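Heads up, there are several structures right after this.
Two complexes come next, and they have one chain in common, subunit A, joined by subunit B in the first and subunit C in the second.
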Partner chain A sequence: MDYFHFDDAQAVEPQRPWTRRRFSKPKRWSEAAITCAMWVGFAVVMLPWISIIATVVVRGSKAFYIDYLTTDMLVNSSDDPLNAGGVGHAIVGSLIMVTLAALIAVPLGIITAVYIVEIKGRFAKAVRFFTQAMSGVPSIVAGLFIYSMVVIGITHKYNAIAGSMALSILMLPTVTRTAEEVLKVVPRELRDASYALGASQFRTTVSVVLPNVRSGLVTAAVLGVARVAGETAPLLLTSQYFVKFSTDLFKNPMASLPTYIFGNLGVGSDNAVSRAWGGSLVLIVLIVLLSTLARLIGGRTRRSR
Partner chain B sequence: MEIIAPDKRKIAVRRGIVDKAFRGVVTAGSMISLIVLALIAAFLLYRGFEVFRDFGLKFFTSSKWDAGADDGSIAPSFGVAPMLVGSVVVATIAISIAVPFAVVMALFLCFYAPRFLRRPMTSVLDLVAAVPSVIYGIWGYAILMPHAKGWAETINHWLGWIWIFKVPVPIFERSPFIAGVLLAIMILPIVTSVAREVYSQAPQDQIDAAYGLGGTRWGAMRTVVLPFGKSGLVGGAMLGLGRALGETVAVYLVLNLVFKVNFQILASAGGSVASLIASRFGEAGPYELKALMAAGLVLFIITLIVNFIASSIVNRAGKSQR
Partner chain C sequence: MSQPTTGLATRGLHAWFDKHHALADVSIHFPENTVTGLIGPSGCGKSTFLRLLNRMHEFIPKSAMAGEVLFNGEDIYGADVDPTEIRKRIGMVFQKPNPFPSMTIGENVVAGLKLAKVKTSNKDDLIEECLTRAGLWKEVGSRLKAPASSLSGGQQQRLCIARALALKPEVLLMDEPCSALDPGSTLRVEETIEQLSENMTIVIVTHNMQQAARVSDYCAFFLSGGGPGRLIEADETSKIFSSPQDSRTADYVQGRFG
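Entry: the complex of A and B
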């Protein structure tokens, strides 16, 4: 009677592709050639990436002088010699807008992740699906949307708030997805223990689950920030560019590193292009720092578990 | 003997008022992505509606983009056909260059690379995926273009008898080919990550069995890993396609936008809906702005469809593997 587990064997059968194809006899030279081709492919892929980083570092460092990071472009034009003016206003503007964007996107992203993982509601699948769809929204479309809704509709001016709203649209899917991954690894026993003590779901989520993955959530936020720190297109349409230090969120446009780079490229003179490379270097260093930070924090969670 | 089973116990969940409120708030908050997507579509449609009404299907088939004269002597006329075609052409070039390299790269990282190289390469992939598009753009303009121009000349010299490699005038800068190469480099990290993810889930027992039958490493790749990762790779390629279609700044910097449908990829004339918006936005009057909104809506819907297909393929691939 028990011979029926042949069924299992048959179920496995179609998953073995090699039964259908024949192997060629192992030939050492062809194998070596393919391994060689793999290495060549690897080198070809690495080449542009190395070139990008190297070029940005080499050309970008030309723009640096002692006050480059702390001055703005209020009294200088892009064409001026490289020992005057700087990128300070763009750094401050980027930091302000990215921080604001994080303040909007991170709580919403975590809430969305909590809904998918903790509440597992009726729409959990749909919410995941739409989050995925949102991660594919082209950045310029996010910019156009905020332009048509906020800049035309409400403020009638380019300003930092509009810029950070556009960035938060692009940040949200990254934060949600990372937070979801993080929440998924919370052991069920923790939740069960909390429920067994009579805690409500609210209590369990807020004082057991979320604190347990605090550093993972920070990682999610930092990854989201790194994702949008270099976005150019939406800022061209919402916060534009401004030559001086500014902390005004509503009335004035605000500079940012990407629009600083883009604007200087548009000017086109040698000094302006050097400034663009300098801005690129600052931007890349900022993003590398953020990514490293995210990995360090994320790594700590993993080890402590 | 008859077995009398007890009735199934019913488990009733009774939630307190706090929990009900909590669940309500979180559920409402989680709808944000749906709301934002709907709002984007609604606003762009609302602003661009007039253009769709005025031009109808001509908006998609016409090659003319003319804001008209302020005094009304020249009527405005808008059509995105060259830009749509250009977007697709550039993205196709990017995908067809990026996917083979991504496969090689993913196989290399999963099976061929020495162990000390694998972990740092993960970080490198993450890093280059995070490099902003404006930096790809400035690099593409300053470094890639002079090289790629030479490649384009070589292709034109040897394969010029094929129609798509012909050029009307021998200018090879700012062509769809160069934009495609730059986009290929840009989307390579994401396609590679997806492919690597899928290949790393290839069943080890089957790979071992392939070796056990006396197969070579490439034999195992060809018969186990590649067929296994096919659908995941398609999904990754679609994700890359979505990104390539929506890319603005990098393409803007290396592509000459020309309002003429052009399939000759080496010629210095191309199009891209996203770059069109960026390039016309600054000087657009109110009516042209509406046309740009309409173009944005078209771009939004196209990328949405591509991403829907991509994510459903990736999700399905992910499920069947387990």
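Entry: the complex of A and C
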């Protein structure tokens, strides 16, 4: 069918009224098979995940009553009925120790990543290697390290500072490696633009490179927090467990959600186990809330795109 | 050969990327307040040469250079010269527009002041002056707080020119500033170049012969011919285009190769 003649060009009258057409593709068996495999894979991954969340929600909700989030276990024992005592002290403890750990590990991790990617210093390769090696350190080893160096060596008692330090050791490699990947994708043109204006390397890093990857750095921090918020072993050796609300970083042990779960599970009675599930539910919700909050803060002032 | 004490000049300039000899023995003088076009086929070392002129070449790992770049008679590669100071006085505009995406239009214009720690009495006046000189004020004057990434490619490039102008450089290096722009934006950038050249030395790399003929007072032809890039010929633009000394220059400007 000829629509167009070069010797006699004219517009072809379109067919009216028009009908929407679907974009069609010839069906191929291989494609169908791969699509199918993808769905199966998706289901295989999602099922355990959904099952975990569902179990935690169902069993954990039993421990909840009106004051569960706001009371501690000072006057109650784990075996008590589920309408007394609570998880408040563990929430406060976890928040304090994870925040402190982040205050230590996030700046240190970003500076380390800057050293590896931006400064490319003489020891960049070695630092990179050790960071990688550090991410493989079992968490209990980090706990033992702080236990022997800080708890036995300096403070002579279990406390929150030691707990935070153990967590920051675990957080550091996660933050560093994520920040490193984030910095690597900053285009060279951007650094060039800054240098061509007479900026020093320090100025370029602080005023151009880091602001440009702000949301990526927030992701690095969130991943770091998520990595350590559920850590139990290092906290058992450093901050231990405490039954009452406490904000003192030095004088006494401090409760945390993982050690609360661990302790209640160890008691073994039905009510205690329910408390453990309740603590798990709180921990999961807390991590989701923290990540959402961090993303909101990190994304708010970002103007690009 | 006497040393020029004004403008920008090079003497026996070489450049290497690791072991690759990219540029050999370039000696040329860019007189004050003139526009010089650098022309030549891809890979002949024009951009490398340009980046040597404000010490941007050294950011490439394993790069090296030899020779001298004389800025008002002083060697900018001298032992006691601060390269950041040189880059403040010899500005640069790149091939791809590269405004800072995390900053607003206004912030971009004065970004150099913050980055190079230069004090200014009135930022707003400076922003207006630079954007006007870059031919962008009419288009963006009313939305200085919009993100720079909201501009079109041509506007972004003129924003980059405004950003370079804010530091009041004596020399402006431009590396194919119009290669990513539409004809309208190209025209406006060329008008900007013409106005700037009244009190600024401009060196511009271009692949567009018409552009070289339109904007430049002098032209320098580079060619590599397999080995390192060399300066074949440099002269007044009209002579390069009408009666070049070297047959290779004639072939190139008439489009017979490259």
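Basically, the second predicted complex is superposed on the first by the 237 of 305 C-alpha atoms of A that agree within 3 Å, B and C clash if a C-alpha of one lies under 4 Å from a C-alpha of the other, contacts with A are read in each partner's own complex, and residues count from 1 in each chain.
As a convention for this text, a residue touches a chain if its C-beta (ideal position, glycine included) is under 8 Å from a C-beta of that chain, and two chains touch if they have at least 3 such contacts.
Since the model is a prediction, treat every value here as computed from it, not as a measurement.
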Chain touching more of subunit A, residue-wise (subunit B, subunit C): B
Contacts of A:R295 with subunit B and subunit C, given as first, second, both or neither: first
Partner chain(s) touched by A:R214 [first = subunit B, second = subunit C, both, neither]: second
Touched partner set for A:G198, first subunit B, second subunit C, both or neither: second
Touching partner for A:K251 - first (subunit B), second (subunit C), both, neither: neither
First, second, both or neither for A:A37, with subunit B first and subunit C second: first
First, second, both or neither for A:E189, with subunit B first and subunit C second: second
First (subunit B), second (subunit C), both or neither touched by A:G121: first
Set intersection of subunit A contacts, subunit C complex versus subunit B complex: 200, 203
Contacting residues of subunit A [partner subunit B, same complex]: 15-18, 21, 23-24, 26-27, 30-31, 34-35, 37-39, 41-42, 44-45, 48-49, 51-52, 55-56, 59, 108, 111-112, 114-116, 118-119, 121, 123, 126-127, 129-142, 144-145, 148-149, 152, 169, 172-173, 176, 200-203, 205, 226-227, 229-233, 236-237, 258, 261-262, 265, 273, 276-277, 280, 283-284, 287-288, 291, 295
Parts of subunit A lying in touch with subunit C, wherever the complex brings them together: 187, 189-200, 203-204, 207-208, 211-212, 214, 302-305
Subunit C - residues contacting subunit A, complex: 54, 56, 59, 84-88, 91-92, 94, 96, 98-104, 111-112, 114-117, 147, 149, 160, 163-164, 167
Residues of subunit B that touch subunit A when the two form their complex: 15-16, 18-19, 21-23, 25-27, 29-34, 36-37, 39-40, 43-44, 46-47, 101, 104-105, 107-108, 112-113, 123-124, 126-128, 130-139, 141-144, 185, 188, 192, 203, 206, 209-210, 213-219, 223-224, 227-228, 239, 242-243, 245-249, 253, 274, 277-278, 281, 292-293, 296, 299-300, 303-304, 306-308, 310-311
